[in-house]
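Each structure below appears as structure tokens.
Both complexes shown next keep chain A, but they swap its partner, so chain B is in the first and chain C is in the second.
Then we have the complex of A and B:
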């Protein structure tokens, strides 16, 4: 009476699943880059900004860290249309994931800003740097090394988080796995293949991030 | 993440998970005599498919299928235990004996029947077009246009048909029927081609929309039975007898009318031969 694993019903769908993996990676990259930019601006505001701006950033971070991503995207996808803003499923998910990642990346980058030495800021100020110039030429190179590992981890988390997009009509890897599962009923086979694709995806991303870290910031991350 | 140990541990975990999946499990589906001995019938239902199954105002699973399951358990003389199941886990749960059979969108297809055994049908499934009234989206030809987006629920039987018969239409795959209906009401999609048995129930929350529901008999009728683990013949054969009795004494039709606000569109002929 044991369940017999038969992969032959599922293997023809592997190219279709891999197509979903490409979309997964695309969503992760877009939301991470946008979230990183949001986080950088927010961390700058928290460090240098006036009190009302700091309070606004704190409110944003508190809201997005303390509510589930699912609820945030649901709001963008289903509530905004009632206010006349109809976004495509892909845009709604990408915006939701970016805003959510932005909150976490604000906290990560704020910690990096706090690790700065006062003398470096004073020197930049004495040289007449504006805040954006200070962030770009002085702070970023300094904190990049310290922040690279947590930022890499956040990227891997973004890859995993994309699976939520399936609920909102985006045909990424998990969504396509659900489609194949409903067609074949071969749940164990479909989701074990999907898991292997996710593992491969994250290993490739880890490797790429380690190489990128070495090349850009001389971060000594081990590569296999 | 790039530490050698992390990769080793990750690889080992993946290998262990793969081994667990590939090794035949000790747990297996329970034959009839085991269910009788345990005095407990475990049935999987999907509460995201109202009114087939839903959580009622006391947060208890209720609906057409739980009531049919209760009638079956009563005939068997055992206690009924309902288990909420979703799409991915329902088949492994039947195969491993965590539930004795599964209900909820178990439309019979030859592809699915390679993995699971079906009892005789419990009810028919009839298909049609759901759209906002006055847009002329009442035929397959009208839907088969690039400017038409069909909101569908992921994993339903109509999707392969849409891919074949309406290749020009855009398809928006959502997670459940309330989301599908909301998408049409908000203009994110123009229509849906799907089962129309439960539309009277499902469209109730969207009273501000003037809906149009058009039956498409040419699609044919599909039948939904109870999903039993492959080769669990003793349980499946007993369930066939029980379902025959529930059809002939009118229980199933009565429960259908109670939950679906009207009779079944296509009656299920009760055959005494299985």
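Then we have the complex of A and C:
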């Protein structure tokens, strides 16, 4: 069968799609920041906490890493109302993605905590650093440098994961692609353009994060 | 909420529902493991085609790199939609399962290519020089020098990615492939409580993914240990 791709009917909708990309980034940032905070708390618990708390955190991480995000959000969206908690689709997706990202970011930050060397802390103590000074000048720069690449990698993953929000009728990039599709019926054209936008979006994010990391580390190098 | 779950449970775990879920489980397993295995095979091919000292002639390298870079940056759902409509519009007769399988293979190939590249690069440069000095052909370098050493590095992370693809197959429910998530949605529509439907498949997914991940970690410990020795 012959099918000719006609992009001219879809191109007028590209600004609309790009508007969805803004929402995509917003959702990615929200879930990443929330997940990062969850991960930081969890990693501290795993490193310093009592045994039952460590077991609880470990169970949370293992469960969320080994089940699909989509089903987790289904659970949040359809089961919590039975318990009296009504959530908007956007909130359900944001909560699901944050909890999911929290599990991965716990793993990443735990590895960062483990990369700390006893000798560095001993050296800092020997040089008379106070604890806040030690955290600020020794521990934080060390962890930040070790963690920056996996963290930025996780952010890129978050950007791509937001496409799941479309299934819950959130109008981010993929959600808007569904809308344009039902408006124009140029399915392959719409979704190929969406794919290109995702590639461009993640490339821009990767580049920005790489530059930011370089800039941040240079700043830190001057302070130290 | 709890009363309803307790009331529904005996009916939910009746023989027909279990058969229904069992069939869906088989589809999920086939989709993810078959797709991952095929994708990983293609991914290794891509990595070999990208390496300048193996078969990486320039056009091949550009094509393979572009493929890997692009396909790793498109969400699974969007890829699925592209494949779905591409099949539909080309007029090819393909089942929904095939469409989902093709999508898993396309993604798995892109991710596996990166892992395989890391495996190939783990072979130290002097060995490449030595093999060249002994006038090994590319094929012999690959089969006698690179492959025996790099598979130890590449294999364990592949299990981690396999878990990723098991989880991604839940998105295939969007086009109506009869796998676990779609089965749960159908059961939910039939009136069983959402907690029971989605809770059950969450546990089933966990029981598939967790052993796969553990296997990868065990392999990593064992192979890493032997590689050092």
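Keep in mind that, in the parts below, the second predicted complex is superposed on the first by the 197 of 224 C-alpha atoms of A that agree within 3 Å, B and C clash if a C-alpha of one lies under 4 Å from a C-alpha of the other, contacts with A are read in each partner's own complex, and residues count from 1 in each chain.
Here is the rule we go by: contacts are C-beta pairs under 8 Å (C-beta built on N, C-alpha and C of every residue); 3 or more make two chains touch, one makes a residue touch a chain.
If you're wondering where the values come from, they're calculated on a predicted model, not measured in any experiment.
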Chain B and chain C placed together on chain A: clash or fit? clash
Practice item. State whether A:210 touches chain B only (first), chain C only (second), both chains, or neither. Key: first
Partner chain in contact with A:163 - chain B first, chain C second, else both or neither: second
- prompt: Of the two partner chains, chain B (first) and chain C (second), which one does A:12 touch, if any: first, second, both, or neither?
  reply: neither
Given the touch rule stated above, what does A:141 touch, chain B (first), chain C (second), both, or neither? neither
Does chain B (first) or chain C (second) touch A:86, or do both, or does neither? first
* To do: Quick one: classify A:3 as touching chain B (first), chain C (second), both or neither.
  => both
*Once the shared chain is lined up, is A:132 touching chain B (first), chain C (second), both, or neither of them?*
neither
Open item on the list: For A:183 in the superposed arrangement: first (chain B), second (chain C), both or neither?
Closed with: first
The only stretch of chain C that collides with chain B once the two complexes are overlaid, out of 37-45, 91-99, 163-171 or 217-225, is 91-99
Chain A residues where the chain B and chain C footprints coincide 1, 3, 78, 82, 156, 166-167, 187-188, 191-192, 195, 199, 203
Listed in rising order, chain A residues that touch chain B in their complex are 1-6, 9, 78, 81-82, 86, 89, 149, 152-153, 156, 166-169, 171, 175, 178-179, 181-188, 190-192, 195-196, 199, 203, 206-207, 209-210, 221-224
The chain C residues in contact with chain A across the complex are 1, 4, 70, 73-79, 81-82, 85-86, 88-91, 163, 166-171, 173-174, 181, 184-185, 188, 193-195, 198-199, 201-202, 205-206, 209-210, 213
The chain A residues in contact with chain C across the complex are 1, 3, 62-63, 65-72, 74-75, 78-79, 82-83, 156, 160-164, 166-167, 174, 177, 187-188, 191-192, 194-195, 198-199, 202-203
As the complex stands, chain B meets chain A at residues 1-4, 7, 10, 14, 17-18, 21-22, 24-25, 28-29, 31, 87-92, 95-97, 111-112, 114-116, 154-156, 159-160, 172-175, 179, 182, 186-188, 229-232
